[in-house]
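Two complexes are shown next, each including chain A; its partner changes from chain B in the first to chain C in the second.
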Partner chain A sequence: MSTVPLTWQVRSPAKILPWTVPLILILFILPRALDPYGTILLTYGLLMAIASIGFNLLLGYTGLLSFGHSAYFGVGAYAVALMFKYWHVQSMELFLLGAIIASVVVSALFGFICVRYTRIFFGILTLALSQVLWSLAFKFYEITGGTDGLRVPTPTLLGIAIDPNEDKILFLARNYYYYVLGFFLACVLVMWVIVNSPFGKALQAIRDNEIRAEFIGVHIRKYRFVAFLVSGVFTGIAGALWVVLNGLTTPDILYWPFSGEIVFMSVLGGFRTFTGPIVGAVVFNYLKTYAVGATVYWQALMGAILVFLVLALPAGIVGTLAQVIARLRHRFAR
Partner chain B sequence: MDIFFIHVFNALLYASVLFLIAGGLSLIYGVMRIVNLAHGSLYAFGAYVTAWVVGQWLAGAPVPVLFLLLPAGAVAAALLGAVLEPTLLRPFYRRAEEYQLLVTFGLLMLLEDLMRFFWGPYPLTATSLFETMGSLTVGGSVYPRYNLLVIVIGVVAAFLLWAFVYKTRFGVVLRATSQDMRRASAMGVNVNRVYVQAFTIGCFMAGLGGAIVVPSQSAVLGMAVDALVLAFVVVVIGGLGSLEGALFGALIVGVVREIGVSMFPEIELAILYLIAVFVLLVRPAGLFGKTA
Partner chain C sequence: MNLLQTNKLTKHFGDTRAVDAVDFTIGEGEFLALIGSNGAGKTSLVNVVSGLLRPDSGTIVFRGADVTQMSVHDRIVAGIARSFQLVNLFDQLTLLDNVALSIFSREDLTRKLLSLADHQKAVWEEAFDILRQFGLEGKATQLAGGISQGERKLLDVAVAYALKPQLLFLDEPTSGVSTREKAPIMDVVSSIVRSHHITAVVIEHDMDVVFKYSDRIVAMHQGTILASGTPDEIRNNEKVTTTLIGAAHA
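The block that comes next holds the complex of A and B.
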């Protein structure tokens, strides 16, 4: 299917702890070093990373390219916004619970339909279904606010409300950052367990050879369905975390170019690696922010980067680094 | 009764433009097996070029000249396509679909800003053509004559394309390459040349679609993205790679949309996408596609 080597995968905890622990520590102390704006930017990156590892369970591990992940991100975000609008919910935990339930329902429904197909038909089906949601959010002005979108105020985190005297930006950059970081670490851990579990191995077997996987007794459609569900829920959680930080949700996050951005992130980091989508999401977020700030033609810049990436570095940032390290090791070993 | 005719005209008008866009997309997929996410951008490019030539650059020229200049957008889109295929797309035919989708997605972003760069962020129009043609009285209602011209162009384009693909020597080569690229190549067909030609024709059609809408609508940023999903709906209904399918799909979408806009405007778009989903589920190869 591709020329990217499949071998570089983290397996034993003893191997990964020496570099994950310092990284996590850095993530914990980083808000002390960054200004609030920098922290909020990083928060966006971390929550998008949750969406992109969710997405990559399908692309990297199951071999299904979804071009409709905006749907589950949007469902998470709109679930939060609607819970606030109609039930005046203020608690982040309830928001997340609602977003998870909504994304389970939607991704179960869409997944049931989509996993019957693979390759380009899978991509087009996911895209068409996501556009159904987009057009509903776009047209039902009374409920979704149409293109104006819906506002979401800063909720309580673990029951603690924002101090009325406190600056909202500071609250988001301190308390909310750690909240998102907690979710990010939990999601990464869960995903790491999933892809290294027998279930994850079965998905990779399906990706590499569907027929052989079926021969050894893997129920392909069921496995794909569960992967789709998990993927959708991760993306839904990211959507819920995003809408609180952004304060507003519009139909743009349901429109199909946003799905393209999620694909972009995973490929930028390297979708054949576990850490690739995480790095990709964070880097993409910085890249896009700086590109938007630097020029009105940021889209052209991002497009050029994407074309270059696909042409020259199809293994992405992490995949390419891994290749370089492997080559160096090989050379020094001799 | 005259209201009914107006609805029929509107449906046909919409179907004509959609057929030009989706037909090109389907032709390109049929021959090269590549789903071009940037196809909508070529439609938008055609619209911008025509709007600029007719509405700004040569706006003072006599009206018959302006009508002759209408296809400028189509020619420009075809030229752009002829450049893009060998440079950007050719390296990707042997690679996984993920990469094909991604590179065309990157191209979509690039072209969107290229148009912003050349023509600015504001809508561009070429309304003079639309206005000079005036309108026609259908029973008690008026209908713009220009829209009828668009329908005629759509019908003529569909006929010419059919004649081209099924009645010419080049069409035979094109169909042979589409059915079995390797065997066609072994028979002495220059596959690379067929690919460039097919891509150019596909882009010409998309550009023509854009060119004929600008006298009645305007060329705006974002039209590429909107057009692409609708073209997707059309080719999914009709079958990816099938020209008859694109025609049929465009008619279905045209009719459903016209009914939807007047009867249930809130879910008009959702219904279109749901039809596409339903067709994919029942017949994944589309109503006219060959099951792989």
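The block that comes next holds the complex of A and C.
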């Protein structure tokens, strides 16, 4: 047996600590530097990043472009709202458990149908199925509240309830921020392990060459289904975390433009990199917030940014940065 | 002893009889060449036997077991692997990843979702060793999409070889490469296959390659087997000479 070349190195969490630890520290310190509004904006960005990395398991690693991830996000959010409405649940941990179960059921059902197809057929099917959920949320007023939506109060976090005298905004900007940050870090770690696991390698093989993957013995449909399921669950968790922060869920988050936003986030950050969708989600959140504040034509502005992005930075923010760094390294190495 | 036997194997595409009631056998340890003009049915026969296409009728028996209705996955587990005429690789992955994926799959490790692939040191060592056997170790960490056609051809075979098959189909392993590159590629492939006692079926158009490397040659024409024999027998077979070799040299 030969020794594997030195350029090949074992990836382990320890190897990426030098750049992840400072980032995590910054995320821990940021609420002290930001005002509550700024922290809440960042919280939205972090929880959308969970949805974005979930989505990117399909797009970036399996080669499947879903236009229906609003469905799993909405299922997570509505699961929380319905648990409160019908069972008066107030524990965030139970909310998350319910959201995970609901998103497993829905993504298993949708995944069973969708993974039989690829490319445009897969995209259209995911879009159509998410629209079915949107129409149910829209029409079943008695259950879902229709366009009025459903309200969700601030739940207990790890059994600790908000003090009746405490400002809700401050509670969300402090306690809830750290709660979401904890989930964000856990989700990023789990997803990082998944994409670097033998299973993750098999997904990348399916993405690159489906026929060859089949001829090395990979069960294409089964693996796509598992990826779909994991992706749906991550997005469902994000939906559950979002609805508590937002305090209200409406059918808007099940509508197809919301799926488009999740696609936008991954493209913005760079779907060919692991960190791209995370950066994309956070940046998109700020972009949208400031665009909405700047002009009533904010959709046109966001559209223009997307067009610019596709034409000028096809690799996304992180992808382009990586290319620039690689070029600089190459230049200095000479 | 026959490793593989097809009985009246048939595959039609509309009115075209791509494989027409073919009785084909290959003995254990043979290095067999499948020859024939374009459209003779060579690739279709390999596609049916490897599971890419379903036969219309007939049976495929591999090591005494009927594999006709088996999935591609089950055929691979049984010991049948193949490379492709148009190179099929995982272009965005490194050469090492390409070969390691076959090993992960062979060892049923691709189901592992929550453990790092890089911690499977034995897999990477074996993958690197295979690359070394194929002379590709210097490019182990390069992306498969960025190497030359000749190297891609070798990697294609290496990926199939990493499955440790008993029967390996090589669909035109030297197509699309320069005449100068053909012999080195076939030298490497032939030496690895023979030294590991792998039974190989090579589809090849270059008759110099066919006569030099194969133990037995099967000539196909219009979906049927025209002749079968040693290189010398085929070289002196009038039917083959007239129909295939003559045509090729015309």
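Keep in mind that, in the parts below, the second predicted complex is superposed on the first by the 319 of 334 C-alpha atoms of A that agree within 3 Å, B and C clash if a C-alpha of one lies under 4 Å from a C-alpha of the other, contacts with A are read in each partner's own complex, and residues count from 1 in each chain.
In this text, a residue touches a chain if its C-beta (ideal position, glycine included) is under 8 Å from a C-beta of that chain, and two chains touch if they have at least 3 such contacts.
These numbers were taken from a predicted model, which means no experiment stands behind them.
Q: Given the touch rule stated above, what does A:239 touch, chain B (first), chain C (second), both, or neither?
A: It touches nothing on chain B or chain C.
Q: Return first, second, both or neither, reflecting whether A:139 touches chain B, chain C, both chains, or no partner chain.
A: It touches chain B, and chain C stays clear.
Q: Determine, under the contact definition given at the top, whether A:204 touches first (chain B), second (chain C), both, or neither.
A: In the superposed model, A:204 contacts chain C only, not chain B.
Q: Of the partners chain B and chain C, which touch A:307 in the superposed model: first, second, both, neither?
A: In the superposition, A:307 touches chain B alone.
Q: Which of the two partners, first being chain B and second being chain C, lies in contact with A:131: first, second, both, or neither?
A: first
Q: Touch test for A:217: chain B only (first), chain C only (second), both, or neither?
A: Touch partner of A:217: chain C, not chain B.
Q: Where does A:67 make contact in the superposed view: on chain B (first), on chain C (second), on both, or on neither?
A: Touch partner of A:67: chain B, not chain C.
Q: Check the residue A:111 against both partner chains and state whether it touches chain B (first), chain C (second), both, or neither.
A: The answer is neither, since A:111 touches no partner chain.
Q: Once the complexes are superposed, what residues of chain A are shared between the chain B interface and the chain C interface?
A: Shared contact residues on chain A: 1-2.
Q: Which of the residues in chain C come into contact with chain A in the complex?
A: Contacts found on chain C: 50, 52, 72-73, 76-77, 81-82, 84, 88-93, 96-97, 100-102, 104-106, 109-121, 124-126, 128-129, 132, 137, 140-141, 159-160, 162-163.
Q: For a test of understanding, state which residues of chain A touch chain C in their complex under the given definition.
A: These residues of chain A touch chain C: 1-5, 7-12, 190, 193-194, 196-202, 204-205, 207-209, 211-219, 223, 226, 230.
Q: Considering only the defined contacts, which chain B positions touch chain A in the complex?
A: 35, 37, 88, 91-92, 95-99, 101-103, 105-114, 116-117, 225, 229, 232-233, 236, 240, 265-270, 273-274, 276-277, 280-281, 284
Q: Can you check the complex and tell me which residues of chain A touch chain B?
A: 1-2, 59, 65, 67, 113, 116-117, 119-121, 123-125, 127-129, 131-132, 135-136, 138-140, 255-257, 260, 263-264, 267, 271, 296-300, 302-307, 310-311, 314
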